[in-house]
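Input: structures, listed below.
Note that chain A is present in both complexes that follow, paired respectively with chain B and with chain C.
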Partner chain A sequence: MIKKILVVVLCLTLVVGILSACQKTEDVSVYKLGVAAPITGNYAEYGKGFQVATQMAVDKINAAGGVNGKMLELVVMDSKGDAKEATEVARKFVENEEILAVVGDFSSTCSMAAAPIYTEAKMVQLSPTSSHPDFAGMSEYMFGVMGRQDAEGPFVAEYLAQKYTDANKMAIIYLNNDWGVSAHQNIVKRAEQIGLEITTIENFVDGEKDFTATLTKIRQTNPDTLCLVMFYNELVIIAKQIKQMGWDDLKVIALGPGISEQIIDLGGADVEGIATSTPFMVTEENKTAYDFAMEFETKAGFTLNVHSACAYDAVFMLSKAIGNLGKDVTREAIAGELSAMKDFVGVTGPIVFSAAGDVTRKYLIAQIVNSEWVQMTDYSYVK
Partner chain B sequence: MYILEQLVNGLCQGSIYALMAIGYAVIYGVVGLVTFTYGEIIMMGSFSAFYYFIAFGDNLLFALVAGFITAALVGVIVHKVCYQRFLDAPRYISLICTIGMSMFLKNFATLVFGSEMKGMPTFFEGKFISLAGIRINYLQLMIMGIVILFSVGLTVFLKKTRIGMKLRAVSQDKKAAALVGINVKNTTLLGNCIGCGLGGVAGILLGVYYNSVLPTMGGMAGLKAFSAMVLGGLGSITGAAVGGVVIGVTENLGIAFASSGLRDVFAFALLVVVLIVRPQGLFGKKGN
Partner chain C sequence: MIDKIKNFYTQHKTLVILGLIVMALILPLLIQKSSIMSIIVKMLFYVILASSLNIINGYSGQFNIGHAGFVLIGSYTLAILAQLNISVWILYPLAGVVTAILGLLIALPTLRLRGIYLALVTLGFSEILRLVALNWTSLTGGPMGIKGIPSPWLFGLQSTKPHIYYYIVLAFVIICLFTSYRVINSKVGRAWMSIREDDHAAMSLGVDIKKYKAINFMFGAFWAGVGGALMAPFYKFIDSTMFSLDEGFNILSMVIIGGQGTLIGPVVGSVVVNSITEIFRFADEARLLVYAILIISMMWIRPQGLAGTSKSVIANRGIGSKKTNIFTRIFDKKGVK
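What follows is the complex of A and B.
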């Protein structure tokens, strides 16, 4: 008898629990957005930047009265730059009914791994940085803010390498993941068209630390320029190991790390002169971007990089989409609103999505001069 | 010429593996068990050097000595936690305990030191000597020199000193060693510390050679040390040294002919092949 009563009581508490949980979701006084970012791990600097920039965007929106009178709130989860973790994070976001859309992930590999899960839930994954040409096209709910690899790769080959750096014979080392494969293929394709000789192409798996053997091998092919398609960790290690080999007459250019301050902090004198392509650089003329960059620096403890700026814009895009929807905010409707948005201007410039859901950007060249990133403008595009 | 240069790269990397494997072999000898904490000991040595460089300037000699001591002290903790209490318990308990310790140390390092990569100072920047057209840079020479120094030092210590003899006796047979009046407990502790210290030194060399330290660097390093020891023959110190060099050279020649992405494939494929042909390892005795 006592057992039966217990069972009934248990069932009742469960039912009441479920009912009260249901009520909670109906009564949302806030809009919740997910942020999937590599807070720890190999890409920790970028993840930290995501976290700070998205929070700054939310603070700014909320200070101005929120969206439709409701406050925005972020739920940040760590995907560790690992595709397995990224899908776990995606599942958690999808299951949480309160989350309307997700900003993330950092790497194309993670974003693409998580894409099917978000698509099934008709939830927007707005990635600030994924630039793999296939990513945004994976479904109508995938969007990329950074720009496409098939625009940046050719720019690196033609302008950064051939015209700015004066490269005749170039070797390439790329990070062997979805992004790296696509990015270096785009460089090679354009290099062939413009007659830039590629002496050799090497790759490595994420987490590699010893490049001595690879560099010895590359030196054998006698290139005058080395193009590194990777992020800051490996870039710094390679730059240091080049110096350690006493290989002084090699010019180094990079695609991927952006104007990351970590490169200078870690690399010191060894990274001097490295040039990279970037879609965006803060100058004092651009007031909004400059103020944002200053505030970001005090909050994050390092200088603004393009990845964080894109994350900042991503939050504003989502809040604008939610604002446009008014009362009927659903996960599915946000996607339609984003692709229809034609007048958005963020700190990284105007963002209008293509039919696939990504952006074609213009690129600039930045170089490390006296341990500082400097935007290079005095080079000829017509050489 | 090119192949010889790659050979030098391989010898240098292999000598670091060799030092790691020697340390591992010493621990395996006195404790009688494989340890899964070794990779994290290597990482701890590396991180200690990183902070010594910041605190006392880029003095490599000091960092090596201090790193040896730091790693040996971590070894004391590992010994107290994982081995001492379980001397009479089934062996697998210590083994599992080292797995736990490894996870703890890795996460401890992530929390305290931060998860991001840290850069090591560069030594002898760009200077190299040219031997018949082969470039060998000073850093590689120095690393190989240090490894040879430590290996010779350890051999002399084991063969010529009383404590060394005790260590060898405990490695060979604990019960017999106890019967002739050797304090097995303390000797095991000492052996474990020396092994960990060597691992710490190898970690510093690894950090300096790769110019970077990371809390997660221990996993692969520990695996390579273990493979080198198994390749050479379990418990044989000469075997461990040779195993390390062989793995290093194989990796680098593999990269020379194929791609850097396949580095570990070459190392571990070699291990598998050797174990199929000669299950006791290169220098191991049959039936061990």
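What follows is the complex of A and C.
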């Protein structure tokens, strides 16, 4: 019995703890933005990237005098990559009157679970990375920076596969999640239109390590090109297993990993010649992006990925929207300002939102040549 | 002081329970912020889920670590059938029934299994269900999940807000705890506990082990299904990533921290675990570390959980005598095993 009472007392202390943790001091001389990211959990590496990139963006804006004479400030909260936590984070941001808009979340699951809460509060949720086709259309306050798969998929089929790689018969392996499904469907759709034969389509679940059975099955269909719709870790494994099979005449193209250095570090000679589509390319000619990438690497401890670059741009977009509004900054007005913004150019290229609130991007082709990513085409490759 | 409270409780048991219920009823009026209310609603979800797991693990001594699978069935049953315009009110119990039937299907082939073997089967079963949900795109939406799950109407109010949804969940929590209490104190409950303590002895006393184990799995699965069904309309969006093995371990850790084999244990577990992860939000990456430390120290200091029963054989495993407390265990070498 005594134990039970102790337990009840403990619970009450904890509840009181939660309540008291919610009090915050008011400060009107700053604009606050929320960042919802998976700081812990399975996607922690991306959350870390978000945290570093958004802070870098804020530091840069503040160093240049802030927005309308006010400083920007970030409130970062961990959503753990868990939809339930994401809704709680959303409620916290919504209730904190000072927070004007939110950058986040990383996964589409989290962003979509939080969307109704932000919508009710008329608050912008600008997700750097959610690529679920229905996300941005959920309400006028949802925006996605990453780019729609119905632009990248057709680009991969028509330009990367057919025109650049000269593919006639292509097989596809995709990661079975919301992004992988819509990405590969868009490739298949365009491939049918342009007469590119798809020999077979295989998928795998996140975390799979052995693809030899899948590859053997694919080899029987005799494709000349293999399209990998996935991120860098599985891509490297597949590239190595292709070489182990002695399947040397196969051309490999990829959608999704971006121009990540990890591919070259992990894959070595086995990934030589892999070509991929990317919305932007960090080269020394592109000074802003290059400086950002270098600084990011020092601060984060790993090389820049497209996800973090999108998070960086997201903060700049919000600050620009707030700046345009001048004195009448409200949560609701930011959404209108974002959809009306036509001239924004970030490190990931120009960003103009469609009516739904997502971006139709233009893409480049990059290929690994002598263990280095080389930009092979420019934006004018697409006619 | 503690004796006084103890006496007060034993003398005015009904009064205390009524007081707690009244407090629970007026709670949303006292708390304005919906972020806090939503955490409390989450605690209540986990009270149901942890209690249902406690029925299986705590009362009959079976070892289920794939509870997320049952939760998944409950959530998806509601989400899929709600698209057919069936009232959500009917779907809550229906999801429970569907999950209970599934619980029976799992229980039947595994009745002979015990301990770690049963644990492995439940683990595999939970993953299989998640993969089915991920790949059966036409039914479950596959990786795209199901969005726009409708929430029920309560007295003319759309119950999307945590302040209103709280009452729906609270009602189910009370029904869940009350039915569990009644069942556990019935012939069925005593049969479960006899199986937990010693199944051969139970068999020799005429307890039909297979039957009661199956009933046990079904009862636990029913409430897990209801719990899962309650979650779906609140979060409005479900996909298979919400029901990974992590989720199963999360529920299991609540049962273990709170204490297996007592009604109050899972309640305490849910409140403590959900509060801790919330209070330590400021600690960023280290947030879940606190949670891990809690579980490890719990294993060492109080293996039977915060409010665990000390009468159970399982709970007492590793504890010398009833008198051994934390201090003697730390300072007296003989006490440390």
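Some notes on this structure:
By definition in this document, the second predicted complex is superposed on the first by the 298 of 383 C-alpha atoms of A that agree within 3 Å, B and C clash if a C-alpha of one lies under 4 Å from a C-alpha of the other, contacts with A are read in each partner's own complex, and residues count from 1 in each chain.
Here, a contact is a pair of C-beta atoms (placed from the backbone, for glycine too) under 8 Å apart; a residue touches a chain by one contact, two chains touch by 3 or more.
Quick caveat: nothing in here was measured; it's all calculated off a predicted structure.
In the superposed model, A:L266 lies in contact with chain B only, and not with chain C.
In the overlay built on the shared chain, the residue A:V345 is in contact with neither chain B nor chain C.
Applying the stated contact rule after C-alpha superposition, one finds that A:P116 touches chain C and leaves chain B untouched. Of the two partner chains, chain C is the only one that A:R91 touches; chain B does not reach it. Of the two partner chains, chain B is the only one touched by A:T212; chain C is not.
Contact comparison for chain A: of chain B and chain C, C touches the greater number of residues. Residue contacts after overlaying the shared chain place A:V369 against neither chain B nor chain C.
In the superposition on chain A, contact is made by A:D178 with chain C only, not with chain B.
In the superposition on chain A, contact is made by A:A44 with both chain B and chain C. The intersection of chain A residues touching chain B with those touching chain C, taken from the two complexes, comprises 40, 44, 176, 205. Listing the residues of chain B that touch chain A in their complex gives 2, 5-6, 9-10, 12-13, 110, 114-119, 122, 125-128, 135, 137, 139, 209-212, 216-217, 220, 251-252, 255-256, 259-261, 263. Those residues of chain A that touch chain B in the complex are listed here as 40-42, 44-45, 176, 202-205, 207-214, 216-217, 220, 233, 236-237, 240-241, 243-248, 262, 265-268, 270. Contact residues of chain A toward chain C in the complex are 1-5, 7, 10-11, 14-15, 17-19, 21-22, 39-40, 44, 76-78, 80-84, 87-88, 91-92, 94-95, 107, 109, 112-113, 115-116, 132, 134, 138, 176-182, 205.
For chain C in complex with chain A, the residues that touch the partner chain are 2, 5-6, 9-10, 31, 33-36, 38-39, 42, 131, 134-135, 137, 142-145, 147, 160, 162, 231, 235-239, 241-242, 264, 268, 271-272, 275-276, 278-279, 281-282, 284-285, 287-288, 306-307.
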